[in-house]
Structures are given as C-alpha cells and as structure tokens.
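For clarity, chains are labelled A, B and C in written order, and residue numbers in each chain start from 1.
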Amino acid sequence: MKKVSLLQTALAVSVLALACSPAFCGSLDAFKGEKGVLKISGGTAHIPVMKDVAQKVMAANPGIQITIAGGGSGVGIKQVGEGLVDIGNTGRKPSDDEISRYNLKLFRWAVDGVAPVVNPSNVVKKLTKNQLIDIFSGKIDNWKTLGGTDRKINLYTRDEASGTREVFWEKGLDKGAIAPSAHVVVSNGAMKSAVAQDPYGIGYVSVGHIDRTVAPVALDGVVPTIETVSKGTYKISRGLFSNTKGAPAGLKKKFIDFLYTPDGVKIIEQHGFIPSR
Amino acid sequence: MRRRILEKATVWFSWAAGLTLLASVAVLLCYLLAKGHEALSTGLIFGGTPPLRALLLQERVFDGLFPALAGTLLLIILSIAWAIPVGISTGIYLAEYADGRVKKALDAFFDVLAGIPSIVVGLFGFASAVFLHRHFSDRIGPCLLISSISLSFLVLPYLIRTTQAALEGIPGETRLTALALGATRVQNIFLVLIPRSLPGIMSGIVLAIGRCAEDTAVIMLTGAVASAGLPSSLLSQYEAVPFYIYYISSQYADPAELTSGYGASILLLMLCAVLFSAAYGIRKGLTHCTLYRA
Amino acid sequence: MKTVREIAAERTFLLSALASSSITVGILAFMVFMGLPLLHEGGFFAILGNAWDPYRGAYGIYPMIAGTAAVSLLGLAVAFPLSLGCSFLTAGIAPKPLRGVLRRFIELMTGIPTVIYGFVGIFLLVPIIREFFRDGSGMCVLTAALVLGVMISPTMTLFFRDAFDRIPRAYLNAADALGASRAQKLIHVMLPLAKKGMLNGVILALGRAVGDTLIALMLAGNSAQVPSSVMEPARTLTAHIALVIAADYESPEFRSIFACGVVLYLFTMALTFLVRYLAHGEDARI
C-alpha cells in the first residue's frame, strides 16, 4: 500500500515538474494522448534538430516513440516514398520528378548554407571559387600552392545520396568534377569530425553544423555564417525540408507543425539554422 | 654455422612477433582505459535519469547508453531464442542420425554458412525486409525482428558445430549402455547424451551470445538507428551498443559524446571478454574452428 | 518398432537440419532472384568491370574489388609473420608455463569486437600514420591493413597451432631422441609436416579479412578509386554495401551493392570449398 502511494507521489511530482517547466508546455500540448511510432530518416544536417524535438516530445509523452536515422537526402526521399519511414528529410528541394512519383508534400522549415571547411590550424582560410573548383577536381593538390604548409590536400566529400553534396556541387563547384580520390563520409556530423581531425583536410558542411572544431573558408571574400546566408551575400544556400508521402496526418502532422511553433523555432535557431516563416 | 644462425633467428623472430601482437593489444586496451575510464559511471548508462526509475521504465533516458544496452540485450535474447532450438536439433541430427552422403552435404552447407561475411547476411536481411514491406505488410521494414533473425543465421553454425562436436565426443560405451538396457534412441539422446554434452553445448551458446553482442555489420543494415529510445515492439527500430560506437566514432558532436564512446567501447569489450572466457572456461578443449568468420 | 514419439523426434531433428541448411541455399537463391534483372540485361559483368561514378551513370564495383584485394592481401601479409611467430612461441619456443597463458590470451583476443579495433584505429593509429609518412590523411589502405592484420592474427595463430598439434607424436619423439633443440624441431620437423594445415589457416584468415566490414569502413577512407599506393584511401566491397543505403531494389545503387554481396558470397564459398578439398586430401594421407 505504502509502495503505491510513494509511486503516486513520484508520478505526481514529475507531472507537476513537467507542467511547471516554462518552455514547451504550450507547443507540446498538441501531442497529448497521441500514441505510436514515428520513423524519420534522410538528411543528416537535420539530425540535431530532429533529435532535440524528438526528445522533448518523447519526454512529455511516454506513448510516443520516435526513431531517427541518417542516410542522406536521397535515402530520405526513397524511404518515405516506399513507406519505410514516415518523414523523409532532405537538405535540398526534391526534384519535380521525385515529388510527382511519390506524391511528396514538402515542408521547408529552415534555411541553411553549405560551407567549405578546413581544420582550424590551417592558415588557408580564404579561397576564390576557381581555387575551390580546382582543389576539388584535384588540379590543386598541395596546400603550398595556396600559401599553406607543404602537404598534400586531403579531400573529403559525401556519398551520392547526400543533398549537401548536391547543393555544394551545383552552387559551390559549378557542377565541376570531384576527384575520385576524395575520402567519402556519410553525414554532416562525420564530415565535421573528419576535418576536425585532419590538419590538411578540406570538406564541406552545413553552416548550422560549424563550431569551433572546424574553420569556415571565406569564398570570394564572404565568410559563410548564418548572417551572410540570411542576407544572401553567401550564395551556397539551401532549404532544409521534411517531406511526407501525401498530406501528413496524426503524429506526423503534429511533429511537423511543432517545427513552426515558437518552441520549435527556438530549437532550430539554437542549432544554427534560420527558421523559415 | 648457418644452421645455428637460422635457429637463433627463429627464436628472435618468434619473440618479436609475439611481443608485437601482445603490445598492439596492450596499447589498444590501455588507450581505451586511459581515455574512457572517467566516463565509467552510472551517468554513462542512465544520463541524468535516476537509474531505478529508468530500469522500471518510468522515465526515459536520453543522454545515456540505456536504450542502446536494452536494444543489444533484446537483440541477443531474440537471436538466441531463434537459433537455439534449430541449431541444437540440427547438431543432434548431424551427430546421431545423418550419415554418408547426407552428412557430407549438410557439412558442406554449414561450412559455407559459417563463411558468409556478416555484411552479406545483413544485406540479405535488409533485402528481405524491403521485399516483405512491399509484398506483404506495410508495417514490416528493417526492425528488431529482422535483425534478430539475421543474427540468428549468423550464429547458427556455432550452435550446430559445438553441439555436434560435444555429442560425437561421447565415448562409445556411454552411448551404448542405455540402449543396451532397453532405452529408445530418443530417450538415449535426451537422458544420456545431451546431459553429458551440456558443457559443450553451453559453450556454443555463450559464444553465440558474444557474436550477437559485438556484431555491427548485420544490424547497421537491418534496423539499428542513431536515436530510437527503447523499442516499443518487435517491428520497431532500435539502438545498439556496437552501432553506437560506430556512430560516435565518426559523428560525435562534442568531446563529452566522444568520451561516452570510449566508455561504451570499454563496456562492450568487458562484456565480450567475460563471455569468451566463460565459453573457453566451460569447455577447455573448445575448438575455435567455428570462430573464423568475420 | 518405432513409437510415434521416436518418429516425431527424428522428424523434428531432420526438419531443423533441412531448415538450417536451406538458409545457406536461401540466401544465395534470394540474391540470385533479386539479381535476375541484372543478368537479363547482361549487366552483371559490366558492373564487375566498371568504375563507380553515379553522377555519370556508372555503377560498377571494380574499384571496390581492387580495394578489397589490396586491404585484405596486405592485411594477410601483416598477419602471417605475426601468427607464425606466435604459433612458434606457443608451440615450443616460449618457456612451458608461459605457453598456456599465451594461448589463453590469444584465444581471448579472438573475442575483441571489430568495431573496437576500428574505434581505436581512428583516434590512435590514423594520426600516427599521417604524421609518420607525412602523406595523405592517414586513412588509407595501409592503416586498415595493419589493424586488420592484428585482428586476424589470433585466429590464424590458433589454426597454425592446430596444424602443429595434429603432427603425430612419433615424429616429435624421434626428433627429441636425436637431440634436436626446440627451434630445430620446429623448423625441420614440424613446419614441413604442418604445411597443409597452415595453408588452411591462411585461407580461412583470408576469408575473414575479405568479409570484415567495420575496420575498412572506419579506417580505409572509402574513396571509390583503385588505390595506386598503400597511402591512398580505398573502399572495400563490404564497406560499399554499408555505405550505399538503398531503399528500393530497382535502383542501380541497389544492384551495385547486390553485386558486391554476390561476389562476396561466391568468393567466400570458393574459399570454403578449397579448405574442404585440402582437408580431404590431408585425411586421405594420414
């Protein structure tokens, strides 16, 4: 008998604690009484935001399980199209062909940029676009040419499913070739840690992911930051999308709606993206 | 004179090789311990959640290994549950019933099965999941169920071989005594032979558990994901310790996450060390022939 | 006169055996079934020989075959001397009390998860290789091969020990009677007699090296090119399967990883049969 009452007190206290926590009480109300599993996969730039939102939702609603996987934008589109996941994230706008084939509904909840990054110890922090193109095609293969140390340039690129790769290739490299000798990593997170560990590496990563472990490279004099992206002076920008097959309903809709609430917007800003209206 | 040099060289070479191998493993262990020892606490597993409340499923754990450990545990239990009945009965059939050509053919099948790389088993599991999803039910996809079935394929040869070896190792007199006293063949198997070969069978089971705990290639294709919480059903995706280590190795967000990766490595290493010593301890003469698969 | 229970039990055993052996066939059959469209288009061999460049519509796996060959053969070259030395140590060169301990330790080493080798490799070995050779990123064929070599050495050592243990006692006694030293016995008596068994060990270790995913995936750099030196990054067949996540099996990506799967399956199957053939010959001799 005593045990039960203890348990009840604990429960009451935790409910009280939740109710009193200032943030997230209003926006999370929508999830009350929801149950079930929500599967998310695709774009890797989205993962920190997705994880944060999922954590908030799951902490407040024990009946909800949200699973998050990466894979890249291409995988996100295919998996949501095949019905393997509920929400497929992309770091690029799905093509018209993809939209019509899978009957995708697009939700752009943030604007992001894609920035070339080097190790913070690298002295080369400015490049022209042509230099960038030559570096990635393998024409320039030593940092010495660019005023750095006499070491080989180690290229890092993403897998073919990556939306980040596609945006960077289109807007950053003007669809120039990427040398096949480039190391391949599978996510924005992995790109960041690879360049953070390699003093002679260069790669490209979502602007929202840049922290002090990697240094952004100014392109034609413009340093890629959240400000230059939102002002439009830094050109390699893109939207972050969450896509569903057909119009979303139930848990899917509530999850996506949450990204547009004040609390959702706050999370998006915290992770270095520009929330879109 | 030349011969003496050859002998000396052999001795030197052997010691050099042995010490190199031992040193590399020692460096590996020391490095892990040095980097990860500070992460070893209940916080590594439960994050900020009180352990008891987490274990009683009253509160969810977000910044700890608890969901990954639970996923790995469930995976082990399920895979072993699928593999044990089939593996042991197959071992019994091989040792007690099959002979001649049938035995030879089955032997060949299990040798091939033991040699298939685990990523190929994973690919098979993934392709079946997509196939089932498309043709049977929307609810099936890469998930705990598919992973555990694929893993059970992987460990089946261990169970078959250890059971078979244990049964075949029983001396002829023991084998015949019960039969001579009028026991039937099945009675003989269940009442005499299996009890006698339990240590061998157990060592196979423990090894299979070790394989399930450490395998990463199968689960990364069949349903392990970066973030899932506790799996809510057999058809949901899950987290697992080895996948967590792989994930952290390439995409840790901050030094704290990396440290917890080291901590997770130490945990997994200890788990495997315990299981493998147990397997070798249970049965001294355990053959490693079943172990060569990647 | 068999009772119903007898028959039922026997049937169950038989059924299990059939079920488990059908898994072996099932995996291959399923892969062939999924790959039929490929064969129809005559594309299977084209995939084996082509480069990987999806942006230009090339989905070949030739660079991955080359990468697998480079990493696993070099890994084998690292492992062979290590295993030979270790097996010598445990077979006679080390003092007696040490042998048992050493062997127990090597047995335990077979249980170290590969993901842990990869994890430590990234943070410890990669920077060392990068700064030691002052070339490239440190994620390369060499790094992966070194770690792979350490990973397969314990298994290889145990197989070598098996081969030594199978040598009939009489030969060893004869060598002892002639006053041979431990090293002499090893080189002149045991090594020639155990050759075939050791070859088995090497082949099985090769199978393990080719089939390993995590070490190459984490340490070899994964670039889809034919490596021109051991300092270059490369991608193995196994890593390719892990990297290219496909969601539908009509896509060319899926066919490519499927082709990797078939190549790996057939290759390891060939190795298995080679070992069986060799073992058969050995049985006949003794």
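By definition in this document, a residue touches a chain if its C-beta (ideal position, glycine included) is under 8 Å from a C-beta of that chain, and two chains touch if they have at least 3 such contacts.
Quick caveat, the model's predicted, so the values are computed rather than measured.
Between the chain pairs B-C and A-B, more C-beta pairs are in contact across B-C. With centres computed as the average of Cα coordinates, no chain lies farther from chain B than A.
Rounded to whole angstrom, the centroid-to-centroid distance between chain A and chain B, based on C-alpha atoms, equals 34 Å. Chain geometry summary: the mean Cα position of chain B and that of chain C are 17 Å apart. Residue positions 130, 250 of chain B are each in touch with at least two other chains.
In chain C, 122, 245, 247-248 are the positions where the chain touches two or more neighbouring chains simultaneously.
Across the assembly, chain A contributes 82, 84, 185-186 as residues in contact with two or more other chains. Residue ranges on chain A touching chain C, taken from their complex, read 71-72, 75, 78-79, 81-82, 84, 151-152, 154, 159-161, 180-186, 197-198, 200-201. Chain B meets chain A in the complex at residues 53, 58-60, 62, 130, 133-134, 138, 141-142, 225-233, 236-238, 250-253. Contacts from chain B toward chain C in the complex involve residues 3, 6-8, 10-11, 13-18, 20-22, 24-25, 27-28, 31-32, 35, 85-87, 89-90, 92-94, 96-98, 105-106, 108-124, 127-128, 130-131, 153, 156, 160, 184-186, 189, 210, 213-214, 216-217, 220-221, 242, 245-246, 249-250, 261-262, 265, 268-269, 272-273, 275-277, 280, 288-289, 291-294.
Per the touch definition, chain C reaches chain B in the complex via residues 2-3, 5-6, 9-10, 12-17, 19-21, 23-25, 27, 30-31, 34, 81-86, 88-89, 93-94, 102, 104-120, 122-124, 150, 153-155, 157-159, 162, 181, 183-184, 186-187, 204-205, 207-214, 218, 238, 241-242, 245, 247-249, 257-258, 261, 264-265, 268-269, 271-273, 275-276.
Against chain A, the residues of chain C that register as touching in their complex are 51-55, 63, 122, 126-127, 130, 134-139, 221-225, 232-233, 235, 243-248, 251, 253.
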